[in-house]
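Here chain A shows up in two complexes: once beside chain B, once beside chain C.
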Partner chain A sequence: MLISSVKVGEHFYLTLGVFKLHAQVFIVSFFVIFILIVFSLLGTNKMSQTPRGLQNFLEYILEFIQDITKSQIGEHYYRDWVPFIGTLFLFIFVSNWSGALIPWKIIILPEGELSAPTNDINTTAALALLTSLAYFYAGISKRGIRYFSRYIKPTPILLPINILEDFTKPLSLSFRLFGNILADELVVSVLTLLVPLIVPLPVMMLGLFASSIQALIFATLAAAYIGEAIEEH
Partner chain B sequence: MLYINSSTLLAEGGLFDFDATLPFVALEFLLLIIVLNLIYYQPITQVIDSREDYIRENLNKASIYLDEANELTKNYELELIAARKEAIRMVTTSQNEAQEFVNTQIYQAQKEAQELIHSSMIQFEQEKNKAIYSLEKQVEQISEQIKNKLISTYIKK
Partner chain C sequence: MDSIISAASVIAAGLAVGLAAIGPGIGQGTASAQAVEGIARQPEAEGKIRGTLLLSLAFMEALTIYGLVVALSLLFANPFTNQ
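Right, the complex of A and B next:
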């Protein structure tokens, strides 16, 4: 029953000096980064005016990301934010799909198990906090101290709610992604535990779809927050 | 089996165990942004931009060529119209000239024929007069002879 057992919240701890790390997150995220870098290198290896093969694929993805960024941030400033939004999308997307498609259970860890890096609250919180930093940076670099005037708009009465928003944004971002991926993996695991064959397949397909949507949502929301911070009132 | 240790959710081994993983993942992610920017976004963006420039340039060139072609067509059409007018004019003048030539030729031929007829009529008249004259003479001679003969026979009797 090893293949279908479910472990929630168990981590493979790695101690690095005074730091305690969840090693399973780093193993899989390094794998994800490796895949992204290999695809990028292969696709940009022999570039030509008329794209073909992997280059075409990479261009398609980049134009997709540029479309998201452009629609949220606007024609003028979107180019600076494409790397951030694009990396968010690609990292989350490949993480989710690698968690769903690769049978990590085959590799046995002394504690915990390998799964998508987005299955760990630390990863999603890190991404969400970076998004918060990004939109603060975007707003302040664009509008200076006037950026903080948005807290008393449209009226100063909304000041507490506006301040609260800066906390709810990263919170909702991180928990949405974490909850979706964890729930999906749990549902698949529990179903596999009950009926090992065929029955979990539709749920797995749904999981693939949902996890790609989650990557899109995270990237779109991050772009929307940055666009909101840049926008002149 | 499903294990969720709810009493230690935030502690080590819990579901929401925040520790040094968070900043390290953040650092890892920032590095990934830099690396992907260097090996993916920048090169591909450059290719896409240069292709857009290339297409725009060619479109501009094509529209310039199209304008030139339209201009040339207009000029050629004007020239064609002028040439057609010229041709029509030339055809009519040459037709007129030919008509005139034919007319004069016919007139001359008629004149010549008339002259010929006239001269031959005159000649004919002269011949006729001559013939009549000579005939008169002969008639006179013969009548003289007849008279002489009649007289001689009469005398002999």
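Right, the complex of A and C next:
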């Protein structure tokens, strides 16, 4: 009897007009969004001056995200970007952990399987491209046309490299997250294939740790790119 | 699948991860050694050093992950086989 198996690159396709969607990603993404909304609603519906329970926890998370943003973007402008960085961090974090903690394999799809939305390259590429848009918007709205002067700094010789950087940033962001999460899930599934009980547990713990670090890194890097674009020279 | 292509893909996948692991391995070792040294010299800065170390380790890890992505795409989504 086969207890577990490794499947990569199999998707449960859903057609919407001319587009083919990876339905398993959408199902888990909406689940993650639902969890986040429910938690924020529960934590904020009876707010009090002295926070207790869930409200206290949510305030702690908010302060954590404010700290990340402030340390990368700086005291003056970080407020505008806390929602964006926070959304990235929380979505990636909850996605990664939901893929590891919730026994999705119980639900059997006709094709493919439910897992963390971030182990699909499309999700991470979308998040990375949003980050690109965000830092372009940040730079142009803050400094206008002078934003483009950073392409010829420190010398005009570096122009090609500076342009190339705009492409490598989203590429490395998306590949890093995608590769890490997929690698975690692959290692766990290969180990469960070999030894189904107990032995994969330490690796699962390592996976939880690594995926939380990846969420932190994605948020930190996005904030760093935005901070770099805003910064005056 | 053409057997030569599949054989080459498997070897290439192994090489991709293996070679990509060398550099980051050395780098992570150096970084951790320096961090331990820093903590030994200044134990009160441990929290800050640990945070920075984890962040930079993850950056180095990413380089191996690029190799892994190449290996995975060779193994599971090989563009050279016409199915």
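The rule we apply is simple: the second predicted complex is superposed on the first by the 230 of 233 C-alpha atoms of A that agree within 3 Å, B and C clash if a C-alpha of one lies under 4 Å from a C-alpha of the other, contacts with A are read in each partner's own complex, and residues count from 1 in each chain.
The working rule: a contact is a pair of C-beta atoms (placed from the backbone, for glycine too) under 8 Å apart; a residue touches a chain by one contact, two chains touch by 3 or more.
The structure presented is a predicted model; accordingly, all values stated were derived computationally and were not measured.
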Q: Answer with first, second, both or neither: which of chain B and chain C does A:Tyr78 touch in the superposed model?
A: neither
Q: Classify the contacts of A:Val190 with the two partner chains as first (chain B alone), second (chain C alone), both, or neither.
A: first
Q) Does chain B (first) or chain C (second) touch A:Tyr135, or do both, or does neither? A) neither
Q: Classify the contacts of A:Ser40 with the two partner chains as first (chain B alone), second (chain C alone), both, or neither.
A: first
(Q) Contact-wise, after the overlay, does A:Trp104 reach chain B, chain C, both or neither (first, second, both, neither)? (A) neither
Q.
Going by the contact rule set out at the top, does A:Tyr225 touch chain B (first), chain C (second), both, or neither?
A. neither
Q: Kindly classify A:Phe93 by the partners it touches after superposition: chain B alone (first), chain C alone (second), both, or neither?
A: neither
Q) In this superposed model, does chain C or chain B come into contact with more residues of chain A? A) B
(Q) By the touch definition above, which chain A residues appear in both interfaces, chain B in one complex and chain C in the other? (A) 8-9
Q. Can you list the chain B residues touching chain A in their complex?
A. 1-5, 9, 12-26, 28-30, 32-33, 35-37, 39-41, 43-45, 47-48, 50-51, 54
Q: Please name which positions on chain C make contact with chain A in the complex.
A: 54-55, 58-59, 61-62, 65-66, 68-69, 72, 75-77
Q.
Touching residues of chain A toward chain B in the complex: what are they?
A. 1, 5-11, 13, 16, 19-22, 25-26, 29, 33, 36-37, 40-41, 43-44, 47, 49, 51, 55, 58-59, 62-63, 79, 82-84, 86-87, 90-91, 117, 120-123, 125-127, 129-130, 190, 193
Q: Sort out for me which residues of chain A touch chain C in the complex.
A: 8-9, 172, 175-176, 178-180, 182-183, 186, 210, 213-214, 216-217, 220
